[in-house]
Amino acid sequence: MNSLLENIVSANLHHASHGHVATYIPQLAKVNPNQLGIYISTEEEEDFFAGDCFVPFTMQSVVKPLILLQALMDSGENAVRTLVGVEATGKPFDTFNYSDQALTGANINPMINTGAIALCTLIRGKTYQERFERLLALTRRLAEDPNIDVDESVYRSEWETGNKNRALAYLLRAYGLISDDVDDILSCYFRACSILVNCRDLAKIGHIFANHGIHPGTGEEMFPAEFARYVNATLATCGMYDGSGGFALNVGFPAKSGVGGGIMGVIPKRMGIGVFAPAIDRHGNSVAGVKALEALSRKLDLSIY
Amino acid sequence: MNSLLENIVSANLHHASHGHVATYIPQLAKVNPNQLGIYISTEEEEDFFAGDCFVPFTMQSVVKPLILLQALMDSGENAVRTLVGVEATGKPFDTFNYSDQALTGANINPMINTGAIALCTLIRGKTYQERFERLLALTRRLAEDPNIDVDESVYRSEWETGNKNRALAYLLRAYGLISDDVDDILSCYFRACSILVNCRDLAKIGHIFANHGIHPGTGEEMFPAEFARYVNATLATCGMYDGSGGFALNVGFPAKSGVGGGIMGVIPKRMGIGVFAPAIDRHGNSVAGVKALEALSRKLDLSIY
Amino acid sequence: MNSLLENIVSANLHHASHGHVATYIPQLAKVNPNQLGIYISTEEEEDFFAGDCFVPFTMQSVVKPLILLQALMDSGENAVRTLVGVEATGKPFDTFNYSDQALTGANINPMINTGAIALCTLIRGKTYQERFERLLALTRRLAEDPNIDVDESVYRSEWETGNKNRALAYLLRAYGLISDDVDDILSCYFRACSILVNCRDLAKIGHIFANHGIHPGTGEEMFPAEFARYVNATLATCGMYDGSGGFALNVGFPAKSGVGGGIMGVIPKRMGIGVFAPAIDRHGNSVAGVKALEALSRKLDLSIY
Amino acid sequence: MNSLLENIVSANLHHASHGHVATYIPQLAKVNPNQLGIYISTEEEEDFFAGDCFVPFTMQSVVKPLILLQALMDSGENAVRTLVGVEATGKPFDTFNYSDQALTGANINPMINTGAIALCTLIRGKTYQERFERLLALTRRLAEDPNIDVDESVYRSEWETGNKNRALAYLLRAYGLISDDVDDILSCYFRACSILVNCRDLAKIGHIFANHGIHPGTGEEMFPAEFARYVNATLATCGMYDGSGGFALNVGFPAKSGVGGGIMGVIPKRMGIGVFAPAIDRHGNSVAGVKALEALSRKLDLSIY
């Protein structure tokens, strides 16, 4: 199995040349694009991995499923679904095309920036610092890695250049979907995007989603099964931005990508996968990462469709 | 099992009152809205069913997966994917919002009218009558029902009132995506929508998609497994119009609905389901049908996420 | 004055190189792009002209003010304004971006194809042949040129390639804005677009609009003053497609352009102008024609703003 | 003449009942909707007026032509036109429908919020306080009223509730159209919107635009004629929001309305008009104000078309 992964890494690394590291956040532009790592967490006794799987990178949008989960845990399914819909919008992650109509929750979803920003308001906490810390604690707990922390330079970079996210947040306020201070909410959201993880962390988190909230080792219920299904279903239809349809067809399981180059894969009842390859395509998805998952899915028959 | 289905039918029939039978095709407006049928085809020796499961209705959009399959069988995956994309458009089934940009294949998908009309041109046949007959033969073969035929009065009704589909077809021509005669293509498309089936037929067809192209009884390969995955993945992300995200969350398996009130459900490697309940919601999905599938999914743990 | 016009022609002909003749209608693609003609009709005893001002070309969209006028004359202002709005859509002449909302008359205007096609249904006549003939007769009468006729090869060319206009017409039908046969309506519309005129004809027609319906020579009322204002106001806000704002600023009077390269200018209470220069810009406006009008407006202080 | 105006006021006041005072700014919601004033400034020795023409109200969008003028005076036509286009967008004043494409200057115009906010950056001044003061001084000078000042409570109200304008400003920054601090720019913009004027002030300012920058009394050039034409042409195509086409047709001269209920009318080479009637329609235009201008235009033959 490890040699299979190594073959996949070496056979797919070259795809990185068809993408580019994200440049709209200056810190991300400094990353070496020629990296590919993969890590698999299964019921079996040992994990499997290959390549740059312990290189740290920022979660970026891969944190969205965790924001959704924390909002579900803290405010319940009704509040979450009332505030933010579940339909694919068919729009890029930072779309502004809310037509001329009033912006409503039904037109956004948890896997686009607007939805994720809105969901930060449903995380419990007296301050947004506290809310962020809940989110960080959740990430550490699910990944079983107490050392996970924020990359402060990426955070500052996001804060300084995040004008589109500020615009989206003020739009949410203008339409009454949120009422808290925009800077407070964004400090939480940008920090969440700047959490440093590696492939192993994503595989561990993904595995618990795959296992419907039950820790695969201890059997402990980390969160209710229905929240896992909520997240997994949302990933299946909207997790890969405007490439979600193609990913379902070519790879075939719920997954979430981030512009940092990470992808978290969830194969329900089977495994969690973490991938990292920082050169991304025009949709925002890791090029070599998607290709590696495609090869892996074919080899291990991972498609759920 | 049959009594479970009967309970589900009697407990969910009342949801029909929250929908309305489609009226834009006059023939459909005549249907009794208070009907609900369900039929399940599994590996087990006998099938299970309840309610109005042998009442005939027209396929409408439920025929779209068959158009896609026939196009795949006749022209191959490359031709299909080049002509029609796979991303959710986040738009209703007959959307005209192709923005101001040129219409391209990447902006449509096989489960919206524009995509399905385009795919008719990839079915083999000297005439569009011949192409339609290939499609009808495929439907009969998969459903194992040689008596399946077109409801001619619905067909004429669609032909007479199908101005939006004509507009979509001329738009496809204007952008060079199709070049055949629009009336010829639409005669095939409208006939396909007017094929009369019942829940049993949909369950049988769905079962073969679930079984990746292998006939569950005889073991015969009816079509390649990769085409089944293509169709199933497309259904998962776009099969239920603008309700696809909510369906993934509440029900959790690939499915296709039609404004005639039918839904074909595909539970990969497990079963096919046919549902009929003609009162539809504003997205075009059967109200009681979706509710019944939701109950069934919970009872039998059918969600794949 | 004639020498002024000749200077303007020779100084602005070179701008043609920044445009291209329309190619979507094959017949138009054959026209020599290096032409520029200009013709002015005023109260003074003689007219003024220079360049290729007697070269015939097809009206294309320049016929839209005449369709609007004939609809006003035959059905009255109420019927016209109920069917087709007057607001700028900010959209190219053949836009399909009717959002996801129902298409309503308020979203179209007489100077875009959708609006002009709809207005053909408000011209009086038992057949669409008869309606077209009313329109042709009006054109001949206003231009005082009984020899004006249709370029049959352009007409056939439009008929064969007019898929986008067919799509627009079926869309109008789908939303109940028109109910007549699409092919009938389009035969009238395409014929109207194919009427052959020259700069002199456009100047004469424009002069009557400028003179609020009164023939400048005979004093006869050709049509009511309020219809002239209706047309002129519509030209001012929407006559030059997506270049209407820039034209108002740089040139400053009501005008209508067509992809055949013609422009009809209306300077209220002063004069009518006809221009012809077939190389058009991306908005569909004659490049050298607009430049010539800009120079002329500055020289003669023609801006009404 | 004054009795004509009084007749128009009394005949059109009742139209106010078809509109509502703006409520999105709480301070505006307190205004008595049953008011109508009109003031005309001409070459003649005395002015004419009737009704509530000396009641102060905030300029709101009526200040947009002055922002445009100051930007033209301080940075020149090239800079203004490069930053902000001149085409009608066919969109409400606070539209967010910038499609999925990059926001460019060509897609906005000086009479919508996005364009006006952007133009504040082209006003000269070391601070935005200084820029605002230039704008206030210009307003006072053109209106010949040194007492014109800001309504501080409206300003604070705009500041607190202006989330959509904040969103628009951050969007401008995200696309690199502006780079200054959003709060600084908006403090200038919101203050400008909160300038208190009356009908007389608007008539005086409008008169100078009508007179192409020359003070009608003293003959002094207040600003270049080409800037007057720039502003007037922009008003003609975009000054009345989504009602600009209908206003051109029914009234027929350049004008700018604001949600405070004011309208400034510019009849080139003839007169300036100020109107106030605070109940506005769904486009944001004063209902009774537009009706009064319609009656006045017909009586005095003011249409320029």
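Each chain gets a letter, A, B, C and D, in the order it is written, and its residues are counted from 1.
Definition applied: a contact is a pair of C-beta atoms (placed from the backbone, for glycine too) under 8 Å apart; a residue touches a chain by one contact, two chains touch by 3 or more.
Everything numeric in this text was worked out from a predicted model, so none of it was measured.
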Checklist entry - So which of A-B, C-D or A-D is the twin of B-C, meaning more than half of its contact pairs are the same residue numbers? => result A-D
Item to check | Contact-richer chain pair (by C-beta pairs counted) among A-D and A-B | outcome: A-B
Next on the checklist: How many angstrom lie between the centres of subunit B and subunit D, each centre taken as the mean Cα position?
Outcome noted: 54
Item to check | subunit A-subunit B separation of Cα centroids, rounded to whole Å | outcome: 32
Checklist entry - Centre to centre, by mean C-alpha position, how many angstrom separate subunit A and subunit D? => result 46
Checklist entry - Where does subunit B touch two or more other chains at once, residue-wise? => result 91, 99-100
Item to check | Of all residues in subunit C, those that touch subunit B in their complex | outcome: 91-92, 95-100, 103, 163-164, 166-171, 173-174, 182
Item to check | subunit B partner contacts - residues on subunit A that touch it in the complex | outcome: 85-91, 109, 229-230, 232-234, 236-238, 242-246, 248-249, 252, 254, 268, 303-305
